[in-house]
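Both of the next two complexes hold chain A, though its partner changes from chain B to chain C.
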Partner chain A sequence: MSKTSQDISTNRTLQNQSYFKRIFTEVLTHWTARIGFGWIAILVIIAVFAPFLASSHPLLMSQQGQWSSPILAHLTPADATILAAFIAGLVLFFLKIRFLTKLAILLSVIFVSGLISSFTITPPELTIYEQYRENQSAQKYDWVVYAPVPYSPKDYLRDYGDTGLENPLADQDRTHWAGTEENGADVLSRMIHASRIALGIGFVATGIAMLIGIFIGGIMGYFSGVADMIGMRLVEIFEAIPTLFLLLTFVAFFGRSLYIMMIIIGITSWPGYARFVRAEFLRLREQEFVQSAIACGLPLRSILFRHILPNGIAPILVAASFGVASAILAEATLSFLGLGLVDDPSWGQMLNQAVQSATFNWWMAAFPGGAIFLTVFAYNLIGETMRDAIDPYVKKTTN
Partner chain B sequence: MLLEVKNLRTHLQTGNTIVKAVDDVSFTINKGETYCLVGESGSGKSISALSIIQLLPSDIASHPSGQIHFDYRHSDGDIEQVDMLQLADSRKRAIRGSRIAMIFQEPMTSLNPVYTIGDQIIEALQLHDANLDYQTARARAIEALAQVQIPSPEERVDEYPHRLSGGQRQRVMIAMAMACEPDLLIADEPTTALDVTVQAEILRLMQELQQRRGMGILFITHDFGVVAKMAHRLGVMRLGKIVEEGPLSKLLHSPQHEYTKQLIAALPENLARKRSITSAHETHPQTAELSDQPPLLELKNVKVYFPIKKGVLKRIVGYVKAVDDVTFNIRKGRILALVGESGCGKTTLGRAIIRLINPTAGTIAIEGQDITGLSAKQMLPFRRKMQIIFQDPMSSLNPRLSIAATLTEPMAVHHIGQSKDERIDMAREILKQVQLDPDYLWRYPHEFSGGQRQRIGIARALVLNPKFIVCDEITSALDVSVQAEVLQLLLQLQRDHDLTLLFITHNIGVVEFVSDEMAVMYDGKIVEHGSTHQVSNQPRHEYTRKLLAAVPRVPLNSN
Partner chain C sequence: MQAYILRRLMLMIPTLLGITIVVFAVMASSPGGISAQALIEGQNLEPQAKKALEDYYNRRYGLDQPAPIQYLRWINNISPIGFTLDKNHQIDGFSFFKGSDLGTSFRYGRPVLDIILERVPITLLLNIITIPIIYAIAISIGVRAATQRGRSFDIGSSVIMLGFWSIPTMLAGVLLIGFFASDQYWHWFPTSGLSTREALDMPFLPHWSSAFDIVILFVAMVAGTLISLYISQVYSAKIRMIFMALLGAGLGIAMGNALPGEHSIVVTLMLAILVAGIFAAIAYTDYQAFRSLSMALIGTIVGLIIAPLLMQGDYVRGFLFDRLWHLALPVICLSYGGFAFLTKLTRTAVLENLRADYARTARAKGVADELILWRHVFRNSLLPLITVSATLLPSLLAGSVIVESIFSIEGMGKLAIEAVKARDRELVLSITFVSGLLTLVSYLIADLCYAIADPRVSYE
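This part shows the complex of A and B:
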C-alpha cells in the first residue's frame, strides 16, 4: 500500500516538471548517458584547472621565509577567463532563473572577465622552467609544493640534457606517468592542456553552427516561400564545401590558428542544423497552439522564440551532441596531418608523433588516442540517449 | 454458436505496471449475427478484438484466464471447436485471415502503397490456399472487388492504393477480408475515419455481405448511431468489463446499468431534446428580438484559392478552390453551425475569417469594419474580438508552457490587467468559469485529459473577452460523455458572455443541439443556409438531403 502511494507521488513530481527537466532526468536514468556526462565533467574540470594540475611552476613555495606562488604569477588572461567562466557557470547552475537569462549572464561574464584580464594580467614573457628544479637542488627554497604533474607542456627538460622519446616511467630521476614526447616534454602534462583545445573547439564550433543554423533554418521554416527557396540553395552550397579541404586551404594561406579552425568548422557545419530547424518550424507552424498564438495577436518574436523554438529544440540538441564529437575529430584529423597548432599541444598532434619516428611509440598513440576515443564516445552516448529520450516511439517500445 | 468468449482477461505490461485492459469479459456471437462492442476510448474494446484474433504482441500481452472457443471450419467442411488461446502459432495463422478476418479503422495506412490492390488480395488468397494458381486467384480477387461494389473491378484490380479514395480503400480492405470467406469478421471502428455519406454506403455493404454469407460480425465502435444501424446485440464496455449486454432495442430503450444510461443520455440527440423542451418556452420570444440585432460578422463573396504550381518555373496551372464565393452574416448572439464533409473547405473558411489564412478575394467585416488586407499591426485590436478553439486537444496547447503562461501572455499583449498578479487572478477566474480548479494554472498541458485540455482551450479563447469565437470541430476528438459536458459548458458561456459562435462540425447531432442557424457547405460553396430546425427537417438542397439521410440516428424513446 505504502509502495503504491509512493509510486503515485513520484509520478506526480515527475509530471510536474517542465519538459527539459523531464528529458534530462530521463537521459540520466540510462547508465550510458551517466558515463558520457561523467567523462565530460571530468574533462571539463581537468581543462579548467589544467595550469594547477600540470605545471613546472610550483603551486606554493617559500624562499628565505618569503612565500610566493609562481603559478599565479604565470597565469595567462585565458586561464583567468576560463576560471571566471567556470565559477560563474557553477553558481548559475544552482540559481533558479530562466535559462536564457543564465546564458546571457554567462556570456557577459566571459566577455567582461576576458576584457579585464587581457588588460590587467601580463605574465612574464620569458619563462624558464628549469629554474625551480635548479634552485631546489641548490637548496635555495625552504620548501616547495609542486603541481601533481610537475612539468609544463612546453617544458622540454633542458636541464636533463638531450632528452627525447621515453617510455612511461623509464627514468629513475623523473616520473613521467605517460612517458615523454620527441622533444622531451611530459606527455601527461601535454594531454591535460590539450583537453582545453578539444573541449573548446567542440563547444565553440558547434555553438557557431547552431546559432547560424537556428537563425537561417527558422527563417526558412517560418516564412517558407521565397525565403525557404533561397535558404535551401544556401544550405546546398555550404553542404557542398568539404570542410577538411577548406581548412587545409585556410591553414596554407593564413597560418595556423585555433580560432580560424573553430570558425571554419562552425560555418561549414550549420546546414545540418538549419535543415533540422526548418523541418521543425514547418511542422510546428501548422500546430494548433501556434495558430492560436497568431490568433491571439502575439508578436512574431514571441511566436518564434516562445512557442516554436522551445518545442523544436530537442532534435537540434541531439544533433549538436554529435556535432561536438565530429568537430573534435576534425581538429584531431588536422593536427594529425601536421596542420594543427605548431607548438601548443593537441591530441591529434601527439598521435602524429606516434607514427613519425622510425619505431612505433605506443604511449604516444594509446593515451591521446584513448582520450579522443573516450571524448567522442561520450558525446555520442549522450546524443544517443537524448535521441531516445525525446522520441516517443522508441520510448513506447523500450518501456 | 460461432464464437464464445468466456471470462477473458488480457493484461498488458508496460514497464513495471500491469494494465488490466480486458477484465473478465464473456460474450457469444452466433452465425449471421452482428455483435457490437460499444465504449469510450480506453475501455478495452479494441484489445478484446485483438485478443480474439490473437494479434497482440506476446511479449507485452498475457491472458491470465479465459477461453475463446471458435468453430473452426476445415476446408473439407468439418467443424472443430478450438480454443484460440491454446492453439499453436501455426494453427492460429491458418485461422487468422481465412476464418477470422479483421478490418481496421484507418483505410489510408492499412494498404501497402507499393503493391497494387489486386496483388495484395491475391497474396492473401494464395497464402491460405497454396494450390491456387495465379489466374484463378486473380479471378477471385476481381470477384471480391465486384462484391464490395468497386466500379469496373477488372481495371481497378491493377490500381495502386493511392489512386483510391478513403471509402474505396475501406471497400478494398473489406474485399481482402472477405476473399477467403471468413466465418467471423472483426471490424474495429471501420467507418470512424470516413465521411457520413461514405459511412452509410460501407455499413449497407457490410449488411448485404452478411446476409449473403451468413457470417458473424464483431463490430467495435463508439458511435451509438452506427450501433443502432448495425447491431443485433451489443455489449457496453467500461474499464475492461462488459457492464451491460443485451439485444439492441432493450439496451437503447430500457438500459439497466447506470453507465449505459449515462452514455445514452450524453448523446447529442438526447441533449437536443432536453434543450428544445426548455427553449420552446424561453428562447423563442428572444429569437424574435435577436433577429433585429445587427450582424456581427459579414462575409461577402469570400474566396480562398490555393495555387497549384507545376514545372521548373513554378507556373501556376490552376487553383484549388477551397472556399468559393461564400456570403453570409451572423447576427450578434447567434450560433451558426457550418456543416460539411471532410475537404469541403469549412476549416479553411473558419481560419480565413480570423485571418489565419488570407482570403484571395471578398470582404470579411466584423462590426461593420472590413478586416481583409489589414497589416498585422492594424489587425491587433481585432484579434481581441475574435478567437478560435481548435479540434485536437493534444496539439492545441504549447507543451512547454504552464497553463498560467498560456493564459496570461495574450492578456499582456493586449494590455488587459495592470500587473502580472492581476492577470493571474483573472486567469484563475476564467479557469473557474470553465469548471476547472484554479490551481491548475501551475501545471503543464501533458497532465490533463482531453476534455480538460479542451476546457483550457476554451479558457484561452475567453481571456481576451472576445465577441466572436470560431469553434473548429471542438468535440470531434472527445468521447460522448465528455462531448456533452463541453457542449453544455460552451452554451452556458455563450449565454453568460453574450458570445457569437461559428460552430464548425461534421456531426449533425451536435449541430441540432447547439446551433440556431445552420449552413451546409459542399465543395467550397454554401449550398443551404437557414434556421437549424428548418434545414434539418425540410432540407431543400439535394446534397443536404443526402447528407441528412446518411446520418446514422439512434431511434429515440418515445416517452
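This part shows the complex of A and C:
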C-alpha cells in the first residue's frame, strides 16, 4: 500500500518536471549511466587540470628563500581558456537560468577568455625541462613541490640519457606508472594531456554535426515536399560514402590541425542526426500544439525551435551520445592510420606509435587503447540507458 | 518487380554522381588540390626534370584543366555512353557503346580497374567470412537474452556486448598481433598478409606423409569433441566446471611454458587461473546450445593440439589451411564489433514477437515453448535482421580499412589509404565509386530479401 502511494507521489513530482529533466533523472537512476557519467566527469577534471597533473615544471618551489611557481609561467593561452571555461561552466551549472542563456554565456566566456589570454599570455618559447632536476640535484632549491606525474608529455628525459621503452614501474628511482615510449617520454603524462583532444573532439565534432543535422533535418521534416526530396538525396549520398573514407580524404587533402579535424568529423557525421530530426519533425508537425502555434501566427523561428525542437530533442540526444563515442573513435582511427595530429600526442597517435616501434611493448598499446575504450564505453553506456529511458515501450513493460 | 529494380537502379545514378562530386570537391578545393605540382612535391628533382614530369602529368591526366572540366572528363570516361576522344583529348564524336574506363592510377601507373579487381575479392572474402559469424553469435545471444528478459543473462550480455562494441578495432588488432603473432609472446599466428610465400606452391588441401598420422589426428579430434560434448550434455554443473577448469588450468600452464625467455611462475599461474576461469564460466552456463557448442569446439581444438605431439611423419599445410590460419586474427577483429548492434536488434525483435497475439494463441493452444520460439517467433523476428544486413556492409568496409592496414592485407581498405595519401585522383574517385556502388547494391538486395521474407511486402 505504502509502495503505491509512494509511486503516485513520485509520479506527481515527475509530472511537474519538464520532459527533458524527467528523462535525465531517470537516466541517472541506472547504475550503468552513473558509471558512464562518473568516468566522463573524471576525464573532464583530468583534462582541465592536465598541466597541473602532469608537468616537469614544479608546481611551487623556493629558491634562496624566494617562492616561485614555474608551472604558472609555462601555462599556454589554451590552458588558461580551458580553466576559465571550466570555472564558468561550474558557476553556470548552479545558476537557475535558461539553458540557452547558459550556453550563450559559456560560449562568450570561452571566446573572450581565449581572446584575452592569447594576447596577454606568452609562454617561454624554449622550455628546458631538465633545469629543475639538475638544479635540484645541485641542491639549489630549498624545497620543491612537483606535479603528481612529474614529467611533461614532451619531456624526453635527455638528462638521464634515457633510451626509452621502459616497462611500467621498472625503475626504482623514477616512477613511470605507464612506462615510457621510444623517445623516453612518460606514457601516462602523454595520456593525461591527450585526454583534452579526445574530449574536445567528441564535444565539438558532435556539436557541429548536431547543428547541421538539426538544421537540414528540421527543414526536411517541416517543409517536406521538394526540400525533403533534395535533403534525403543529400543524406543518402553522405551515408553511401563510407564515413571513414571521406574522413581520410578530407584529412589527407586538408592537413592535420586539431580544429580542421573537429570540423571535418562534424561535417561527415551529420546525416544520422538529420534523419532523426526529420522523423521527429514529421511526427510532431501534425500534432495539435504545433497546429495551434501555426494558427496563432507565430513566426516560423518560434514554431521550429521553441515548440517542435524541444519536444523532439530526446532521440537526438541519444544519437549525440553515441555520436560523441564515434567521433572519439574517428579521431583515434585517423591518428592511428598516421593522418592525425603531428605535434601533440593523442590516444590514437600513441597506439600508432606502439605499432611503429620494432618490438611489441604492451604498455604503449594497452594504456592509451584502454583509455579510448573506457571513454567510448562510457558514452555508449549513457546512450544506451538514455535510449531505454525515452522508449515508451520498454518503460511500459518494465513498470 | 522488374520495374521496381529498374527504378532503383536508375535512382542509383544520381546518388553515385553525388558521392563522386562530394569526394572530388574535397580533393579539388583542398590547398594544393589535384595538380601536377602537388603530385611531384617532395621528390628531389632537378628543375628541368621537374618541369618535364609536370608536363607529362598534365598531358597524360589533364591536370592543368579547371576542376569542373576534370570531373566531367572523368564522368565521361566511366560512363558507358558518352563522347569519344581523339589522341589530343579532344571530343571527336558521340558513342553509345564506347565502354567505360576507370582510367590509369597516378601512383601505380596501371589501369585502375585492374588494381581494384585485384583488391575487391580480398576485402569481400574478409567480409563474407565475417558476416555469418556475426549473425550466428548475435542471434544465439539475442534470442536467449529476449527469453531471459530482465534476468542476469540479459543484463550481463547486453553490457558485455556494449563493451565489445566500444573496443577500438586498432586496440584489438594491435594487442592480438602483439600477444598472439609476435615472437615476444605466443607466435601462434602469422603477423601479416593473407598467405605465406610457400603456400602458393602447396596443394590446396593439407597432406600427410603417413596414413597413420591422419588416423591419429582424426581420432584425437573426434575423441576431444565427443568427450567434451558428452560431459556438457550429461553431467551436472559442478562436474562440468571441475572438468573444464582442470582443462583450462592445463592449457594455461602450457601457455605459460610456451612463453619465450625465462619462465615466471607468477605469470604461468595467472594464465592458468584466467583460462580455467573462462572455461569454468562456459561450463557453468545453463544455456545448453551455447555451452555444448563452445565445449565441443574447445574439445576439438585440444584434440588438434595434442595430435601433432603423437605424429611422426611430416605434413604439408596446404593452401586452404594456410589461408584460414592467416584469416583468423583479422576476422576476429572485424567481427566482434558487430555483435552488440545485432544482438540488441535480435533481442528487441524477438521480445516484440514473443508478446504478439499469435504467440499467445500458440501458447494457449499448448504448443511447446521451444517450438513457438523457433517456428513462429524467430521467423518473424528475422525481418529487421535482414534489413540491417545492408547497413552492415558499409560499416564492415570501413572496418576493413583499419584491419587491413594493421594486418597488412592488400585489400580495398589499404588501397584506399594509399590512394588518399598519394593524392591519386583516379584511384580515389574509383574507390569511392566502387564502394558506393557496393553499398547501394547491398541496400537494394536487402530490400529485395525483405520482400521475399515477408509476403506482405511487395514492390509492385
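The working rule: the second predicted complex is superposed on the first by the 374 of 399 C-alpha atoms of A that agree within 3 Å, B and C clash if a C-alpha of one lies under 4 Å from a C-alpha of the other, contacts with A are read in each partner's own complex, and residues count from 1 in each chain.
Basically, contacts are C-beta pairs under 8 Å (C-beta built on N, C-alpha and C of every residue); 3 or more make two chains touch, one makes a residue touch a chain.
Being a predicted model, the structure only gives us computed values, none of them experimental.
Engineer: Return first, second, both or neither, reflecting whether A:Arg233 touches chain B, chain C, both chains, or no partner chain.
Structural biologist: After superposing on A, A:Arg233 lies in contact with chain C but is clear of chain B.
Engineer: More residues of chain A in touch with chain C or with chain B?
Structural biologist: If we count touched residues of chain A for both partners, the winner is C.
Engineer: Tell me which partner A:Ala84 touches in the superposition: chain B (first), chain C (second), both or neither.
Structural biologist: Once the two structures are laid over each other on A, A:Ala84 reaches no partner at all.
Engineer: Per the contact definition in the header, classify A:Ala365: touching chain B only (first), chain C only (second), both, or neither.
Structural biologist: Touch status of A:Ala365: second partner only.
Engineer: Which partner does A:Leu337 contact after superposing on A: first (chain B), second (chain C), both, neither?
Structural biologist: second
Engineer: By the touch definition at the top of the document, which applies to A:Phe373: first (chain B), second (chain C), both, or neither?
Structural biologist: Only chain C is touched by A:Phe373; chain B is not.
Engineer: Would you sort A:Leu59 into first (chain B), second (chain C), both or neither based on which partner it touches?
Structural biologist: It touches nothing on chain B or chain C.
Engineer: Looking at the overlay, does A:Thr243 come into contact with chain B only (first), chain C only (second), both, or neither?
Structural biologist: A:Thr243 contacts chain C only, not chain B.
Engineer: Within the complex, which stretch of chain A touches chain B?
Structural biologist: Residues in contact with chain B: 15-16, 18-19, 287-289, 291-300, 302, 306-307, 310-311, 399.
Engineer: Along chain B, where are the residues that touch chain A in the complex?
Structural biologist: For chain B paired with chain A, touching residues are 14-15, 351, 354, 356, 376, 379-380, 383-384, 386-388, 390-392, 395-401, 409-410, 413-414, 443-444, 446-447, 457, 460-461, 464.
Engineer: Under the touch definition given earlier, write down the residues of chain C that touch chain A in their complex.
Structural biologist: Those in contact with chain A are residues 14-16, 18-19, 22-23, 26-27, 30-33, 150, 158-159, 162-163, 165-171, 174-175, 177-179, 182, 184-185, 355, 394, 397-398, 401-402, 405-406, 416-417, 420-421, 423, 428, 431-432, 435-436, 439-440.
Engineer: If you look only at chain A, which of its residues touch chain C in the complex?
Structural biologist: Those residues of chain A that touch chain C are 32, 233-234, 236-246, 248-250, 252-255, 325, 329, 332-333, 336-337, 339, 348, 351, 354-355, 359-360, 362, 365-366, 369-370, 372-373, 376-377, 380-381, 384, 397-398.
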